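My questions all concern the structure below.
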Amino acid sequence: MAAVTYTTNELMAVTAARALRDGQNVVVGLGLPQVAALLAKRTHAPNLNIIYEIGVANAEAVDPGVGIADPRLWHRSEYFTSSIGALGSILQKGLVDVGFLGALQIDCFGNLNSTQVKLADGSIRHFTGSGGAADIATFARNIFVIMKHEKRKITASLDYLTSVGLLAGGDSRSKAGLPMCLEVKIITNLCVFGIKRGQNVLEVQSLHPGVAQEDVLANTGFAVTFAADLQTTGIPTEVETTLLRTRIDPRGLFIK
Amino acid sequence: MLMGGKVRQLQDVVREIPGRGAEIALGGFAITRCPVAFVNELIRQGKKELILYETIGGFTADLLVGAGAVKRYSYGGGSLDKFGQLRRVNEGIENGTLDVREYTALSINLRFLAGSLGIPYVPSKTLLGTDILANLLGKDSEAVMVKESPFDGEQYVYYRSLQPEYAVIHAPCADAKGNVVIYGPTWDEELAKAAKKLIVTVDKVVSTEFIRQHPEMVVIPSLYTYAVCEVPYGAYPTSVYKAYDYDADVLSAYGRLNHEQSEFNKWLQEYVLGTKDHNEFLLKLAGMEKLAALRADPVFGYAKGAQ
Amino acid sequence: MAAVTYTTNELMAVTAARALRDGQNVVVGLGLPQVAALLAKRTHAPNLNIIYEIGVANAEAVDPGVGIADPRLWHRSEYFTSSIGALGSILQKGLVDVGFLGALQIDCFGNLNSTQVKLADGSIRHFTGSGGAADIATFARNIFVIMKHEKRKITASLDYLTSVGLLAGGDSRSKAGLPMCLEVKIITNLCVFGIKRGQNVLEVQSLHPGVAQEDVLANTGFAVTFAADLQTTGIPTEVETTLLRTRIDPRGLFIK
Amino acid sequence: MLMGGKVRQLQDVVREIPGRGAEIALGGFAITRCPVAFVNELIRQGKKELILYETIGGFTADLLVGAGAVKRYSYGGGSLDKFGQLRRVNEGIENGTLDVREYTALSINLRFLAGSLGIPYVPSKTLLGTDILANLLGKDSEAVMVKESPFDGEQYVYYRSLQPEYAVIHAPCADAKGNVVIYGPTWDEELAKAAKKLIVTVDKVVSTEFIRQHPEMVVIPSLYTYAVCEVPYGAYPTSVYKAYDYDADVLSAYGRLNHEQSEFNKWLQEYVLGTKDHNEFLLKLAGMEKLAALRADPVFGYAKGAQ
């Protein structure tokens, strides 16, 4: 049997999907997070509950949308609710196991910036802001981020702290009065970061096949540490790539 | 047009709103159920120095800021989804010309929740440790403070009750009494219930008999509603689930032209200031064929195959 | 034309109905309050919103029920909601103009007891308790009570203060931190009590036709004062009694 | 019986509940949607020293107290509507044999609201000046305090968050995932969402396809639900809107016999302890003809002409 071929985006989606467990409640947005959650639901996690912060639970979209405000993503939902219904009585109550977040920047403690960046001339460029991201980072038990691995994005210092990860490491998060965060998993095109226990700082826990430690070092803005038991990221199976290509993202909008 | 009860002409209701400094919470979310007809009329009537609130900013907030109508804007972040960013808002932040108070989707809604419940504030852990909170403690110190809960001794952010003078939301339908039907998610329910005066623009005024046959569809009962304005396609070019789709052509064009104030000004002049009402706006920007094509499929709730 | 004949219960229902204004939001329970609200809605107040604390707005019942928990009372409602929806976002927000309350006892400040009474032997007898009554007394702008005029019920001292009226009169209610109460109207089978302005204590504002001040004095447990402009309660019109008997309570469950 | 997902046998779920001291919020209201089958099974399995919470007390709370199963009962008042009073509860209060903490419908739900929102407490004016508050400050001092709001300096009662170990509600239907459909008012929504484990008894388990066709009927989504137990007529002799009516004969008899513990004991022995499950209870107390006659008319939602 020939080796499975896959794109980097497929590898990232599969890696995120495999990190989800059956019965978990996850908050996702459009793009690879949604793809990952749907893949998990079609493979090992049929009872995954997928929530959009706009107030939608367990939709079964048949057409691709432009964002969570697109009614295409609400098709065949099991439940509609309000802002407080989604982000108060579900998220803040502590029912969300995994929150997928996007970011302009992330630091070595998994703190995220989705608000604004400083340009070379000292001016700022403002983007989307939090939406529910900062709320999700506060209350979801696990935070997953899928992002491109670039030095200016995976950085020593954020231009703006929108969403809390581990704050300054150690016990700084709990000292600030924040609920416990079990995991911050950053899935890039090169590797997977997770929490180094005890210190509460990010470390590389697996390298994607063919990626060297030097590649990560060269593309990361902070001093990278590698886990003692550094792994190689598992590659997609044919079942997974087939599902991605024929069922979940047949137009290849996100997995190409 | 069905009148009576709380049903009134859009222009008349907008005329009631003070010319300067009105406090308004808007109900849209990025590109869906944005109260476009209402906001265009605010701009046509030259309202200024608005104090705006919104869960998630979208098309209408960008229009108002671009039109120079906004003094202060408090919101939980926003965009045009894949069609782009709120460049008029963002440029105002970048240049420091707009007083922006950034919240998050939850934190601003905790203020609306307190307002809707008639309680002074709601304590929450959200925003502890963030720059969002640091900025709010500076800019919005009358509304946000950090305190210890007397029960558990832990730190919380106390979010003060917010009851905006007006809330304006768009819904597919309501009856003349002001019972408002919304299909799909209802991110604007708390802000609608928090406001002192709730104005609802609807695509269609329906009979109270329809309401009595579908009470489970009523998200906001008549008790909250100050005025109902019937404006067909009142959220166009944004979408209304089960009624009509967003106009992807218009929104992607807008998501480019809003990068430059001058381009924005031309668009505003052409389509908003250059039209006398929403029907003219619809005809000029969409036309009858486009509007017909955007009508929602009754099973899917959007225009199957339109985009 | 012959004089209109009416029962005392009809007079009480009509008196309460006439005190309601069009467009008001009223919270009622089963019995004469519901009858009064429905009569107002069919006469001068077509836009009255009638709310049951269980979470029902503007029902159009066609069959009599045994209480607000009876689905007969929910027929053709415009809106269903939760406990917080009804008593938080509607009542506590301040949207209720008139709350109708029942009571075991009431004192000269309009404070109400619906919880328990002390028997002659010193033991207590417990009844329904508050339900939403104490909440309604706190937040409704006007409190209406329809009750039988008996010395042990309209009393100098409550056995239990379930629901606040004017507390100890004067500015004691606002000093206790409570929202303003515009009116406490007690409609009995003898007279109508209302607030004596300035002192914030109850006074008799109208006597029912044929009732003498002595009748009230003899049946009231506290020292009664009569308004300077004491009125005679207006009698029902034929339109009102016809509506009551043919439309609103055709079986005569409450108006007999 | 449709199983799978979260669907489990009632007896098995009740067996999981600790024999002594379990903390349970019940969902009924006087004579409607009371979780009778569940409560009867609690009594059959001999659970003791229950810590009960309820918005408005009704038939099931009176049964549990009469059966000697309750240690502490916190509720907002209650009755059997026109059928009578909760005499077993009230006698416990009168004799001082039951630890009762009286709230009101709003105040106890503010505690559930805080629990459902994951916040430490909710400030409110309600109960200021009342004997209810005076009693709670004595008996329930860990849950209720009077403080000044740091925003307006006014006095408020701070109602502490309550997340009961279990909530048990009855609903007409749910799917196997635990998406719960309720018709009519939903006074038990906050307590259901506040609980750590929500157990739902339903008259019928429906397909998830039905849920997807009627998402607006879902009051409680699957995320909250711990177990679903299919028990036809599970709220009998109380009513379920759009499913079946209350049994006026049984309730008016009960509203008399509950005046005397001895009479109550006979009834309990005959119908609850003397039956092995809810089907036997139904056959003994109602019979097939009565059950058929109580089925709701689809337009009215109750048994037209039954009472």
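A, B, C and D label the chains in the order they appear, each numbered from 1.
Here, a contact is a pair of C-beta atoms (placed from the backbone, for glycine too) under 8 Å apart; a residue touches a chain by one contact, two chains touch by 3 or more.
Everything quoted here is computed from the prediction, not taken from an experiment.
Traced through touching neighbours, the fewest hops from chain B to chain D number 1. A straight line joining the Cα centres of chain C and chain D is 29 Å long.
Chain A and chain C, compared by their mean Cα positions, are separated by 57 Å.
Chain centres here are Cα means. That of chain B falls 40 Å from that of chain C.
Shared interface positions of chain A, i.e. residues touching 2 or more other chains, are given as 77, 80-81, 84, 88, 92, 139. Of all residues in chain D, those that touch two or more other chains are 117, 119, 124, 154, 156, 183, 216. Contacting chain pairs (ordered by label): A-B, A-D, B-C, B-D, C-D.
Remark: chain B residues 5, 115-119, 177, 179, 193, 208, 211-212, 215-216, 218, 221-224 touch chain C in the complex.
Interface residues of chain D facing chain B in the complex, by the touch rule stated above, are 117, 119-124, 145, 147, 149-152, 154, 156, 158, 160-161, 183, 216-217.
Against chain D, the residues of chain C that register as touching in their complex are 30, 52-56, 62-63, 66-72, 74-75, 77, 80-88, 91-92, 114-116, 123-135, 138-139, 160-164, 167, 173, 176-179.
Those residues of chain C lying in contact with chain B across their complex are 25, 47, 49, 51, 57-58, 60, 76-81, 84, 88-90, 92-95, 139. Only residues 29-32, 55-58, 75-79, 81-83, 85, 89-91, 93-94, 102-107, 109-110, 112-113, 124-132, 154-156, 183-190, 239, 241-242, 245-246, 248, 296, 300-302, 304 of chain B touch chain A when the two sit together in their complex.
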